[in-house]
Structures are given as C-alpha cells and as structure tokens.
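Same chain, two partners: chain A is paired with chain B first, then with chain C.
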Partner chain A sequence: MKILGLLSLLATHLSANSVNIEENAGQFFSSGHTNNWAVLVCTSRFWFNYRHVANTLSVYRSVKRLGIPDSHIVLMLADDMACNHRNPKPATVFSHKNMELNVYGDDVEVDYRGYEVTVENFLRVLTGRLPPSTPRSKRLLSDDRSNILIYLTGHGGNGFLKFQDSEEISNVELADAFQQMWQKRRYNELLFIIDTCQGASMYERFYSPNLMALASSQVGEDSLSHQPDLAIGVHLMDRYTFYLLEFLEDIHPASKSNMNDLFKVCPKSQCVSTPGHRTDLFLRDPGSALITDFFGSVRKVEITMETVNLTDPIEQVEQNFVNEDLQKESYSYVDQLPVSEIIHQTLAGEDAPGSIVAVGGNGLVMPPVFHFYFTVTRHDVATRQEEPD
Partner chain B sequence: MGLLSDPNRRRALIGLLTRLNAPICVVCYMAGVAWFMGLAFEPFTLRTYMSENAMGSTMVEERFPAGERALATGREFAAHKKKTGGMPVDWLVKTMQSRGLEVFTQRFSRRLPFPDEDKERYMVKGTNVYGILRAPRAPRTEALVLSAPCTAGDHNNQAVGLLLGLAQYFRNQVYWAKDIIFLVNEHDLIGMQAWLEGYHHTNTTGMDWSPLQGRGGSIQAALSLELSSDVVTSLDLVLEGLNGQLPNLDLANLFYAFCQKIGVLCTTQGKLQRNDWDSVSGYSHAVQTMMLMAMKQASGRPWGDHGLFLRYHIEAATIKGINSFRQYKTDATTVGRLLEGMYRKLNNLLERLHQSYFFYLMSSLSHFVSIGYYMPAFGLLGVILLLRALDLWVQLASPPPRTEDGVVDAEQVSSPGVLSVLTPLAVVLTAIAVYTLLPPATRARVFYCNPVCDVRRVSLCLLKAADGSGHGAGLEGAEAGGRALPGRAAGLHRAHQLLPGLHPGSHAGARGRLRHAQRAKVTRLQRLGDRCGSVRSLTSRSSSPPRRVLSAFVLVVLSPACTLLFSVFFFQELQEMPVSFLDGWMLYLSVISQGILDHALYGSLVYPLVALLVYPCWLLFWNILFWK
Partner chain C sequence: MATTEVERRRGQLAALSIAVVVIVVGVPLWWKTTETYRAWLPVSQINELSNLQLQLSADVEVVFARGTVTPEQQKKVPLTRTQDEEHSVDEDTALRYRYETRYRTATIMEEDALDQPTAAEADLSLHTLSECPCGSLVVYVIPESSSLLPQDVDVYIGQRRTALLRIGGQIRVGKTLDLLLAHLEPRIKQVLQVMSFSHTDITAALSDRVRLSPGNKESIADSMRTFKSSPGYEITFSLLNPDPKSHRLHWDIEGAVQTYIQPLLTKLASVANFSIDSQTLYYAMLGVNPRFDSSLGAYTLSPDSLAHMINPVEARLGSNAASSNPVLNFLLYVPDAQHSPLHIHDSKKQEVPTNAFHSPRWGGIMVYNVDGFYGPEAVFPVDLNINMAKVMGVFLAQLRLLLGVQSPNAPSGFLVAPCSRTGLADWELDRLMWSRSVENVATATTTITSLAQLLDQIGNIVINDNIAEQVSSAVTSLQLAVAELEAGNLRFALQYSKEAILASERAFFDPSLLHLLYFPDDQKFAIYIPLFLPMCVPILLSLLKIVSDARQKRREKQAKKD
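Now for the complex of A and B:
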C-alpha cells in the first residue's frame, strides 16, 4: 500500500517535473537573442586621458570574463597608454591605485587602434558598411538575433562626443546610425552606455525600437574622475565606470541581476553627477532583461533526465508531406545586374517594377540596384530560416 | 552728417579740445597713475591657476632621496674649482659620464667692448659643460634644460651639486619622454649666450664659440638654479629676462603649486607674501613687489641665467635659494623633490607652454594682473600725447597767414639754424665730457684709467650700437636706428658747413670717429630742427624768463640721466636696501656701463632706445624751449 502510494507520488512528481521542464524549455528562449556582441570605444588620446583607456579596458575585461569571445568584441582604443613614453610601468594599464589591477594584461585584442578610431570608422562598424578588404576582427557581424553592448567614453558635451581631439560625433548621427542598424536588422536589442560629461544628451535623440541607454551624467553636469595614482601621476578611472566595474565584478554567468540593478549603480552620492537612463524604446520590461543578456554570452545548459518533446510543430508538417511538392519553393540565384544595359540606357529602366523615372544617370542606376538589393535580402531571409543558430 | 564732417560739430569739438586740453591731460595722467597703483589692490587681481591641461591637476609622488650626497658632490666641485681657478672641466666631464649622461663641452671667447667694471678684463674665455640624459623610449625630438652657473668664489656650489644629484636620480627613471640637458655654464650670462647660440645655430652677438657636438631636440622649458647654501629658508623665483620678456605664467604657477604642495616658503622679487591685503602696509607691500617687477622689466637686462632663453621662445625661470634668519629651514632633499616634481610635470607637456599669459605683473606669487588690465594705465598716458598733438595741430591750422610765414621761415632756417643747434650740441658735448671726466674721479669702479681710450671706446660703442646692431636678429628698432643714422649723416650737405667750429669742442682731440658720431647726432638734430621750425611760432608765447628758467629746471629734472638716477635710488628703496648718495652714484654709473655692455653682449634694446630715441627727443625740448 505504502509502496503504491510512493509510486503514485513518484509518478505524479515525475509528470509534474516533466511539465515543469516543458515550461522551463519555454523559458530557455525567452530573451529572443542568440548571440552577443560588444563594441567598446575609447575616443580620447594623450597621456592625461589615461582614465578613458582604463575605463574601456575594464569594461572589456568584464565582458570577456562573462563569456563574450574576442571575435565578438570590437575594441577601439584611440591611444596607446601602455606603451606611452610617460608610463612608469610600461605595458600596463591600471584601474585601481597602488597598481592593484592591471587591465591590460597579455590577452587584450585591440581591433581599432590609434588614429583608426574615427567617427567614420565607428559608424561604418555599426552599420556594417566596410570595404571588402576589412578583416573579420574589425567587423560587427551581428544579425537580427544579436544583443549588442555599445560602450563609449571620452570627452563630450551637450549633444556631441569628441573623437581624437579633432572631430565630433553628434547625437543625431548616432541615432541615425542605430536606425540604420534597425532597418538592416543588425540587432535584436541594444544597450548603450556612455561615460562622458553631459552624457545624457547623447541618447536624447534615439528613435529606434529596442534600445536601452545609460549615461553617467545629465546635461549640464560633468562626469568626474575617480582617483589619481601618485606614482603614475594621472587619474586612473572615471567614477561611473569604476562603480560599474565594481558592480560587474559581482556578476557571474548564472546571476539573475536585471537592468533595474544596473540603473542603481553609482548614485549621486558616489558619482557626484546624476547618472541617467532611458528605457522608453525598449519593448521588454527592463526588470526582465538580465545583465548577462548584454554583458555576457550565456549559453544556458540544464541537465535533465527527462525527455522534452520539441517536435510537436514538425508533426503537422509531416501531415502535409504529400502536398509538399506543390508548395515547395524553388530557390535560385538572382539575375546578374545588367550593368552594361543600365549604363547605355537613356530613359527609364523597364526592369524595375514600380520604379520612379528620374532624370540623370544616378536615377537610372538606383531603381535596378534597389530591386537587386531587395531580392538578395529576401533570398537571405528565406535560407536562414532553415538553420537555427 | 558725421561727427567730424559736420563743420558746426567739429568746431564745437575743437573748441572743447583747446579749452579743456590742460585739465583733460591732468585728469588722464592722474587716472593712469591711479589705475596702475590700483592694480596691486588684491580684489582687482586674479589668483594664479594652472592653465595647461597636460600639466594637469594631479600631482606626482616625488621620491628624490639623495640630498646629502648632492651636497657632498657640491663640496667636491668647490674644491676642484678652487684648484683649477675656474671651471673644473675634466672633473665635471668625468662626474657626468659616471652618472650615465652623454657629456659634451663647448669653448667660447668674447672680446668686451670696454673692460668690465669689477673684473677689469677685455677678453672673456670659458668652457661650458653639459650632459644629455636621453629619454629611454622616446625619440629625441624635445628636451628640457636644468642649468647651474659656475661662478667664481664660494657661490653656487650646492647648485651644481644638486644638479649632479638630480642627474643621477633622473637617469634611473623610465618615464622621461623628453631628453634632459644638464648644463653648467661658465661666466654666467656670457657662457649661456654662447651655449644658446651654438644650440640654435645663430650668431647674433659676434661671439666666438666652438660648435656643439651633441644636441637634444627643441627645448620646451628650462630652469636655472642658484643655490649657495646647504639649507635654505625660502626659494625665490626670478622671471624677468632680456628686454623685459617674461616666461609663460604657467611656469610660475607650476612653481607655486609645488611650493604649496611640499610646503616650502616661496617668494618673488625677494619679498614674502602677506595676507593682510586690506591694511595699508599690506597694500604697499604688494605695490612694491609690482613696481619692482615693472622696473626690472624696464631695465632690459636678464636677471638670471634664464633670461637669454626667452628670446628663443623657450619658457625659462631662475630659482634662487635664499638663506635668511628664519627658524624653518628646508634641506637639499626637499629642494630636489620640488625640482623633480616640476620636471615630471614638464615631462607631461605635449606642446610648448602657451595656454597662459605671456604679459603679466605679479603682486605676489599667488596674484597677478594680465596685460589687458595694466595696459589701459599706459594707454591713458599715451592719450595725453595724442591730446597735446591734436591741440598743436589745431592751433597750427587756425591762422592762415602764419603758415606762409612758417614755410618761408623754414627755408631760411639755416641761419637761425646754427644758433638753434648750438645749444643742444653744447649739451651733447657736456654729456661726452661727463663720460670723459668720470674716469679720473672713479677709476677703480667704472671705467679703466685712460680717458682717451675710453672716449674712443664709448664712441665705438655708440657707433656699434648704431650700426653694429644691424646684424642682430630681432632687434628691429635698433636696426632701423642704425641703418638710418649713416644715411642721414650722408644725406645732408649742410652739416659739413656747420661743423668746422666743433673741433676745439671735443675733449679727446681730433679723433675722426668721434667727429663722425657727433656729426651724426648733429644732423639728426638738424632734421628735427627743420621739422620744428614751424613750431617756434607757438613757443614764442612762453618766452618770459622766469617761466623759461622754471621749464629749464623741470627739463633737467626730467632728463633721461636724472630719471635714471632717481630710479636707481627708488629701486634700492623698493628692495629695502637703501643706499647712501655716493654708493647710489656708483651704482648709477655701473648701471649705465652695464646697459652699454648688455647691448653689446646680448642685444639688449634699452641702451639704443634711450640713446637714439629718448635722448634726442629730450634735446629737442631744449631746442623748443630756447627758441628766439
């Protein structure tokens, strides 16, 4: 009797577990992203801007520790502090005074260095419009299931960020770049962190969906540096990033901290400036977005003895197997662009359906190119559905 | 209609100008003087602040340990200096090489225009020794200089010792981004001038030097050290350089910042800073400091070895250690730390110092006024000249028949011209006589004994001032004067007719060059006399004898010579070292000869300015005064 009761209890428990696992299986794919990327940019040069390089390198270190590999990180450092002539400890960049923590180490991969860090290169990386000769390490090869972390630091002002002491990127440009990324489906969700003076002005103009932004100071406030090291003679870190780093040191790949905790980093008492954030464009609730959704590359693994049935949808397709021949789409390459015909055409292109006749050579070329682009992308999307990644 | 083209309004303005001219001028003068005096009042000054971002707000940790060893090296240097009786070149070369520097020497020699006042030498020969500390990882494009002069006697030994101690400490550090040149120069300014000329491949003063074998790139900043005691009670910062040029204010700010950090007492112009700016004595202290700075700039001579760097756009200052009777003494290690900190900060520079002011007056090390604040005072004084000139012009323009007379009279000026020229000429002769009569009275102090030789030398100097400065780089004013002088002398034929009577006037006898100098002066006066021929009509108003006597007395008091004499006494008063009349007189004579010497050796502009501009203008006033 007891054994029967125990057996029934075990059966119900197992069935309940299997139901739980099925539920958990649903939760596996709740965030919607399948890969993580990070673009970390330090925009200032010169020895006295040591702290910006240290900022970027400490975020790089955290992001790498939480799982994003170097192939998915684009690190842009505008100046070489580790090998600067004035560095009393060559080949090191410290983030804590008394030389506690060397964030440079020997496994740092800098993708854009020195004078390569320009506004143009940064925007090209974001939008993907790089010349074909660009190596993979310098490209942001994200897709529509990528969560991207973008971290900017340097000197900024109301509505701009200074690059290399000679040019600026404005908040309008940045917003437009993100819109281009959205239109090209280059991100699933994007977290934008900026640590400069008046940083909140940089995210004021965003208008693309699924963006969340954090800044170290409001408009009219200066972001301050944290602590100088008297042996090196410069300030080592900025306050916001220092406390961000402290917060991130407590995060491990399985932690469940969410974005609301990130918003609480560095209150005014510690930072002197008022950090700000923007979540109105973010479609999910920030409380449901985990820190590791952006800062880490987490592969969820759960070991179970149960079998989870993932094949339910496929059964329906099997029933329609007979009719598949009729419904099957055949795929083929798009026709090559008839360049010579286009060049020698004098009037409107007959090939482009619904195209607008424009006077001039450019107008003639554009509609066929547009047509070509759209067929290519539709083709890509169609093939991708075959391979979940 | 515009303000000046409307005849009614113009007449009203002109009437105002002529009626109220004297009161306006007086008001302007008093306002100018009051403005200048008010500059020292602390609420009107700005606190000094660091403008250069690269030198930064953060301080470095100074770790220089070896002050005592530096003093021991200084004592060794003193012993070797006494043994060789000059610069111990071999010992210095060996010591610098043992500290790991690249050592080079430079020989130089200079023939003085007339013998020096205290050393009575014609020819100065010496050697500079300098060692270059190469930056371990940086390219050799920029350099910093630390120099200490090698003076005879018991001075500056500790400075050289500290220099060598710092060289050894700096050699062990890896963070230098610029080369550091440690220079020990002989004969103070002459040696420094030779080194700078050799370094920059220029030859502006006719010195003879051997070319430099080693160089370090373009010099960003330089400090000169003068330390004559083992312990100091305060450090004095000297900023004034050649022709009154000042280094960038950031250098003074850097020095002050480190003084505050390390806790050393720092002064400028030798005066301690006071906190009671609202009391009378505090305010007068600030005024004295500022006046001292202005007078030192006006003298045009470099007040430290750093003064010659400024001409090459290298920011430089001199730090003097002063040992007075105070309880709190600073040892050599602390001074070494201060210098180490300053050099680490200068090391961070990416460009030359240019963010802060180049023209300023400091009422203390923590307060300054920039040129935008002190120039209006001089502007007000200049407005007086403008008003007087306008007044004269208006009066000249008003009576039509008089202008014809003026034109006619100008042509006949040759006959009254002789009379008008004789008076200032007599004064010129007395001035030269003064020069020639001086040596018998003050032979040991001012000039060498032979009066004839001296007159020749003085006149040679005058000539040299006139045309020798033509090959000086950057001496545009003197060049213009120099080139103009022979031209004018050649261009006027009437001068020859006037001069035969001058022969017996010259004390030194018929020396051709002396006559040439006098002729040059005379022709200039002739030209000036021509120009003011029309002015005599105006001055004939003030022809009453007592008024003339009064004007003559005022003119004598305001002569360049008397002004210089008064300012010498005033300067000594400001420095709180008042002198008796005889000492003051000696000092005055030495100031004149030093001015001539400075011009010949380094290209100082004060002597040609006074001799060719101020002095003839003053002589012209006599001309106006005694016109019949």
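Now for the complex of A and C:
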C-alpha cells in the first residue's frame, strides 16, 4: 500500500516535471536571454542641440514603458535641457511640436550627466573597467544572458562620433570595446542604434558575434532634424528617432513584432536620408528576434513545483538590545584661547607682584622675583589642570 | 682660400657631429621616453593554461553487506580499482574522469545499522558510525532479499554521502565474483552520476569556455536558470502589502531567516558569501488584473500573465547592495481584500499547490492568501500573522533551484531522501562544489588568456605592477586548483578556484587598462612631423652636401690621376 502510494507520487512528480520543462524550454529556446539592459547616450551639449537630448529621452521613455527598470538602464545626457535657462518651459523636454509629449517626466533617472559624459566614461561603462567606488546605478552589470540595447545620438562624421564638442570616439574603438565585452561574455545579443550624420560608418568595423546595428543615414549623408517648435525656438527631434518613437508607441509588452519591422522604420521618403542596418554578425534570423527582446523586458517564468517541508518552530532570535543606559559623557570644547584663565590669573595674581611678567614664561627673571615666578607658575599649572571637566 | 677650406671643413664637421648626436643620443632617448611601462607577465604559463586538461577524481567505497558475497568470494575481493574515462570537449579542452573504487565488507556495527526497518533509519544510524570526507561516497550493497527498500526501488540515496544499492535479481550469490563486479559497475556509475558529477553537468559548467550547440532542452533551461558562479550573493525578502487598510501583516522574518534559511547558507559558506536583508512595501500593486473564476469562487492568474507581474514591482524594489554581487529577490504578495483569494493556475488550469513561481536568475514570488483567517464581520484593519514555515518552505525550494543545488531528475528505480533541516544534502553540496570549481577554472582561464591576448595585441597599453601581480597570482591559483582537482581534494580545489577568479577579474577589470591610446597612423605623423622635420631637414641636406662634395673630390682626384 505504501509502496503503491510512493510509486504514484514518484510517477506524477516525474511526469509533471517533464511536461513543465518542455513548455518552458520552448520559451527559453527562442532567445536565450534572461534580462535586458539599455545604455542610452546623448553626446552633444549646448541649447541648440536640444533635439539630441529629446531623442535620448524618448527612447528612454519607450524602454521604461516596455518594462526595463531604471536599475538596468544607464542614461548619459551631456547637457541639461530641462533646466537650461534658455528653456521657456522649465522642467520639460518636448518631442512633438505644440508641446504634445513631454518626455522628461517625474521619474527620469540620469546616471551620467553633463561633463561626466566622456568617451572614457562611455568605454568604461561598456567594458566594465570602472573604479571600485562607482555605485551600482552607474555600472553595466550584465552577464552572458543579457540582451543589451545601445543607443547613441549626437553629431558624427565618417568613422567618428563627437562627444561634448571636444573629443571623439572612433568606430575602431567602439568595435574593440564590443570585442572586449564579448571576450568577457558581457552580453548575449546586442542591438546598436545610432542617429547621427553618416551613422552607418560607425558600425562598419564591428567584428564580434551577435551584434545587430541600425543607423539613421549612410556614409556621405546627413541625418536631418524633424520639426522646430516656434515657442521653444529649436528643433525638437531628429527624423529617424521621431519615426522610431512613433513605431515604438504601438509596441506593448506582449507584442510579437520582429526586427524586420524595425528595419522598415523611416524610409527615405520620410527621413530624407537612407537608414541602414547590419545583421551579418547576428546569429539568429532577424525575423525571429522580437522587438521586446531588446526594447522591453519580458521575463521568463517557471511555476515552482517543489516545496521543502519545514517542521521546526522558529527559534527566538536573541534580542541584543543596545545597552540603553550608556554612560552619558558630557563633552565640551576645550578653550582655544584660555582667555578666562588669563583673566582669572590676573585677578588672582594681583596680590603677587611681578606675576604678569612670570606668566610670559620669561626665564630672565631676577632672583628676588624667582620665588614669585615659581608660585605663579605653580598656580598656573594648577589652573590648567582643572580645565578638562 | 685656406679660410674657406677651413670654414667648409668646420661646417662639415659640425653637420656630422650634429647628425651623430641626433642618431646616437637623440633616437634612443626618444624611444625610451615614449615607450609605455609594461610589467612582465608569465605569458608562457598563460599559453599553457589556454589548453585546459582537467581531471576530476572521485572516490567510491563499496561495502558488501552480509548476504551479497560468499565467504570465499570475500577473501578474493580486490582492494581498489581505478577507472578512467576520457572526453574531449573541443580542441582546447579535454576532460578525464577518474573513479577510484575501494571494495570491502561490512563491519559488525554496520550490519547492525543496516538491520533497521526502513532505509531512512538505516541511513541515520550509518551516519553515526563514520564520517565520509568531502568529495567521496560510500555505497552499501544489500542483498536482494533485504526489506530496507520498497519493491521497485533499487537505490536509496541518503542525506549525507551514502547510498544503498540492492543487488538485482539477475545475479545469484553463487555466481563468480567477476560477474558480480561487472554487474555492479554500471549501476555504481549511475549512482556516481547522480551524486557526484555527470558529463552533462561538467560540460554545462564549462559553458564560458566552450559554446556548445544545445544539448538537450533540460540542460539549457537549467543553465539559464541558475546564477553564474560569483563570490557573493545578496538575498532580499520583500513583503508586498497592497491593502494596508484591510490587512495589518506581521511576519517574523528575522526568526524565520535564522531558523530556516541561515543553516543552508552556513553550509554553503565555502561556495559563496551571502548577505540577507528584508523590506516591506505598501501599496505595491500587481501589474496584471486577475480574472474572477466563479466556479472556484476565487481570482486566478494564468501562466501568461505571470511574466508581466515582475516588471512593475521591480522598479519599486530598490537595491540595498553596495557591491556588484547578483541579487536574488523573494517576494511575498498578500492580495488585497477585493481580490482574495488569488490562485495561480498552470497551463492545464490546475491550481498550483505552492501558489508560487520563479524567474530564472532573478528570484521568486509567492502569493499568500489570508482571506481564510477572518470572517466578513471582522473590524478592519485585521491583524494577521503569516505562517513563516510554509512561506520559507517555498522560498527555500526556489533558492535551491536558483543556486543550482537542485538535483536533476534521478533515473527510475532511485529513491532520494527528502532534504534535511538544513535544506541541503551533503552530496548535493559536493555536486555544487564540483560544478562551481570547474566553472571557476574555466572562467578564470578564459579571462586570463583573453587579457594576455589583448595586452599583446595593443602595444600601447600600460601594464602596471599590480596588474602583473594579480595575473601571476591568478595563474598560480589556477595551477593549484587544477592539481587539487586531480588529487580529488574538493574543498581546496574550490578555494583555489575562487582565488583564481577573484585575481583574474581584478586584473581584467582594472581601471588603468582602458585602451584610449588608439593612434591611427595619420595622427602619429601629424604629431611628429612638426617636431622632427624642421630639425632633420637641415641635417639631411648638409649630409647630402657632404656626400656630394666627397664624391666630387674623388672624381677630381680620379681626373687628376688620369
């Protein structure tokens, strides 16, 4: 009887487990990632580059809406547009004209701001070579099962991207940084999007596996901005990112759109420049890669089937209360200038002639005064000892 | 006439001496001052390590109980036997498994211990007799007629490092010793694969070195679920109370952690450091709307909606961690009064008994229903105590899964003892230590070899002394770890492998190794030309002039001779 019961338990347990694994494995098989990260970088400063900050913030907004938490996003903005004194609407950054959409909401968490956005810091974030004092929010703590989205925007040229108007990052450096990440298995798959002039030159030199790249314009073409807002006085967004944002607004966490739809965003008629993409290093078929694999964070879940049978009662944790009656020592500052002492001494020593001279510690005292010197100094020492109360 | 000659001679000497100074003193000085400091690295040893030959040794002691071998056979039982199994994983990695089997017969005290009515009690009394060292096993062979094990079960795996193996019906005691040993060998190997290491486990642990094509679905799911080896982990327990107006929840988390979780973590102390904290979150809603199922009278969550529950909560969890260690989150969600009771259903619309689910490499969530504890006439807010034993049972199971402690499905005919009160059997710890040691060794070797490659390729990177020191210490620790694995000293192997990983990571991620010194050739020319050209052009021209003068003089001399 016991044997039959044991047997049936074993059988159901085994069968339940095998079925569970099969359906979950189907999910697992498709993408092979368990978490998502995003590194969003705006590289240009000055008020007239408002559109680059708006670009980055709108991608940030989409990525957060689709589920990636702030702890997994590294947002680098090279200048502060929302609180810039030329901003007629402070604390806002708009992406649509007529101020339809404010992408700088209440919970924007900028990790690298202002002058912290440098080529060196960007490469340090990617390769992980940060000083040990760097907080967790400024690190890219990805592992071999992370899908990373990297978005760069700013002013660029053939083979370089300008940072902060004073330095540049070249496509060779970027490719080397990605190779370093691959060597240390810091990503499972990486999607690289760049919205600058001649953006396609930046992904020409990639050579690490599992990279997919999109750019807003080919070599020799300029990426153009979308529309100015007359009240704010600057161009609000770049064309490519504007249409990318429109495309992403239709994506929700359970959507099944794939990368081929993303490649169709912003054709030449809308964008004036020709967007390009590169998928030869990507091991999967781009049609099987979902948008939410990179832009969202869809978790894999498994139902917990087992439980451990715990029968011990909870032991009472010894309460180590801090000793309540601590010795309340009263502290006071030591007198820096013993003014009170001097005053008291002069008052006391008025009976003793020559005392003032003796306080100075002058060794050249006349023998007749010697006696007084000694009494005074002894008195001196005595008062000094009474000080620390 | 003579003065011009002297002048010219002086001019020539001046030009020559300048050229000599520039070449002899200037060029070496420029070379020395522009070279980067590169400390010496043990490159040859690193290249040796890139070709990894791992040997894993396991000791098995096979004890024959009374009734399995005849007295004459007892005298002829071989004392030890060594078996090697070679596997080549790829061109750089080879594995060898060595099994050292020792045979002996049971002592009187062991026979008494085996006389107990059930296998669990026999296991318990066997423990009191002898302590099995880490990394080895003892298998007791019991006769066919023994009543310790139920009918269809041939192997019982205990809580420490012992197993009870029943001789199959095919072998009669009267047969020869060789046949008996031959019959036992594959079954003992099966036991070893469950209790020590199997080829699939070890190849999965080598995944950092070797990107294998997917073996089978289970192993992929396993490798994706468990956290990678790390020197430390942070565990956070969170209580989510969306409805504090109705429920005032009390949970004795300190006591529960101390009683239920801490023993497991203490046992795992040799593998990693753990730090635990807990928090309570109020007004934390689910991201999904549960559907009301009128037939059950309860709200249900389908498995598809579970995936979307985690993200809205994760944004509010915050992290206490000052380190970069991976974080395991365990959430206890108590549904609000409007949506109680809340059950999780699996894909077959069956209620899940644990009412919990977990996400690979993240943590677990359990839904705890409290509607049964108060009636409709209760005064809100109701004070409720949470049954921590039940909650911690589920969290402990999830923790075991996420840390990789959970053993895979045992083959048929095996009966595994339920976990002890620490939540971890000794042989499970051994399994974890094997796979962690191999994983650490694999990761450290790839890190060191890729670092050496990088430093070799880019001649401009400065290699400081501390990096060279870390690399040397990593190489030494790796060599020691491989040697200890060969010898079978599991604890030392794990320790050395951990040291190797720490040193190699520190060397690889040193902030001074940033390659910002990329100089394309045209930039190099742009820097050097304005410096050297104005200096070199006059020297070169004057040297040329000297040479052409000398040649002219020689021609004149030749003409004069003729």
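As a working rule, the second predicted complex is superposed on the first by the 272 of 389 C-alpha atoms of A that agree within 3 Å, B and C clash if a C-alpha of one lies under 4 Å from a C-alpha of the other, contacts with A are read in each partner's own complex, and residues count from 1 in each chain.
Keep in mind that, in the parts below, a contact is a pair of C-beta atoms (placed from the backbone, for glycine too) under 8 Å apart; a residue touches a chain by one contact, two chains touch by 3 or more.
Every value quoted in this text rests on a predicted model; they were computed, and no experiment measured them.
> Check whether A:Glu306 is in contact with chain B, with chain C, with both or with neither, and answer first, second, both or neither.
A:Glu306 sits against chain C, while chain B stays out of touch.
> Figure out whether A:Asp106 sits in contact with chain B (first) or chain C (second), or with both, or with neither.
After superposing on A, A:Asp106 lies clear of both chain B and chain C.
> Looking at A:Glu329, would you say it contacts chain B, chain C, both, or neither? Reply first, second, both or neither.
neither
> In the superposed arrangement, does chain B or chain C reach more residues of chain A?
C
> In the overlaid three-chain picture, which partner chain does A:Asp280 touch, first (chain B) or second (chain C), both, or neither?
In the superposed model, A:Asp280 contacts neither chain B nor chain C.
> Kindly classify A:Gly233 by the partners it touches after superposition: chain B alone (first), chain C alone (second), both, or neither?
Only chain B; A:Gly233 stays clear of chain C.
> Counting only touches as set out at the top, which of chain B and chain C does A:Trp47 meet: first, second, both, neither?
first
> Using the touch definition from the top, list the residues of chain A that touch chain C in their complex.
Residue positions touching the partner: 2-3, 6-7, 10, 14, 17-18, 20-26, 28-29, 32, 34-35, 67-71, 119-120, 123-124, 127-131, 136, 139, 141, 143-145, 170, 172-173, 176, 180, 183-185, 253-254, 297-317.
> Could you please specify the touching residues of chain A with respect to chain B in the complex?
Of all residues in chain A, those touching chain B are 46-48, 83-88, 90, 228, 230-231, 233-235.
> For a test of understanding, state which residues of chain C touch chain A in their complex under the given definition.
The touching residues are 150-153, 207-208, 214, 217-218, 220-221, 224-225, 228, 252, 254-256, 258-260, 303-304, 306-308, 310-311, 314-315, 319, 321-322, 324, 326, 344, 346-347, 352-354, 356-362, 364, 366, 388-389, 392-394, 396-398, 400-401, 406, 409, 415, 418-419, 421, 423, 446-447, 450, 454, 508-511, 513-516, 518, 520.
> Tell me, which parts of chain B touch chain A in their complex?
So the residues of chain B touching chain A come out as 53-54, 56, 58-61, 135-138, 173-177, 344, 347-348, 350.
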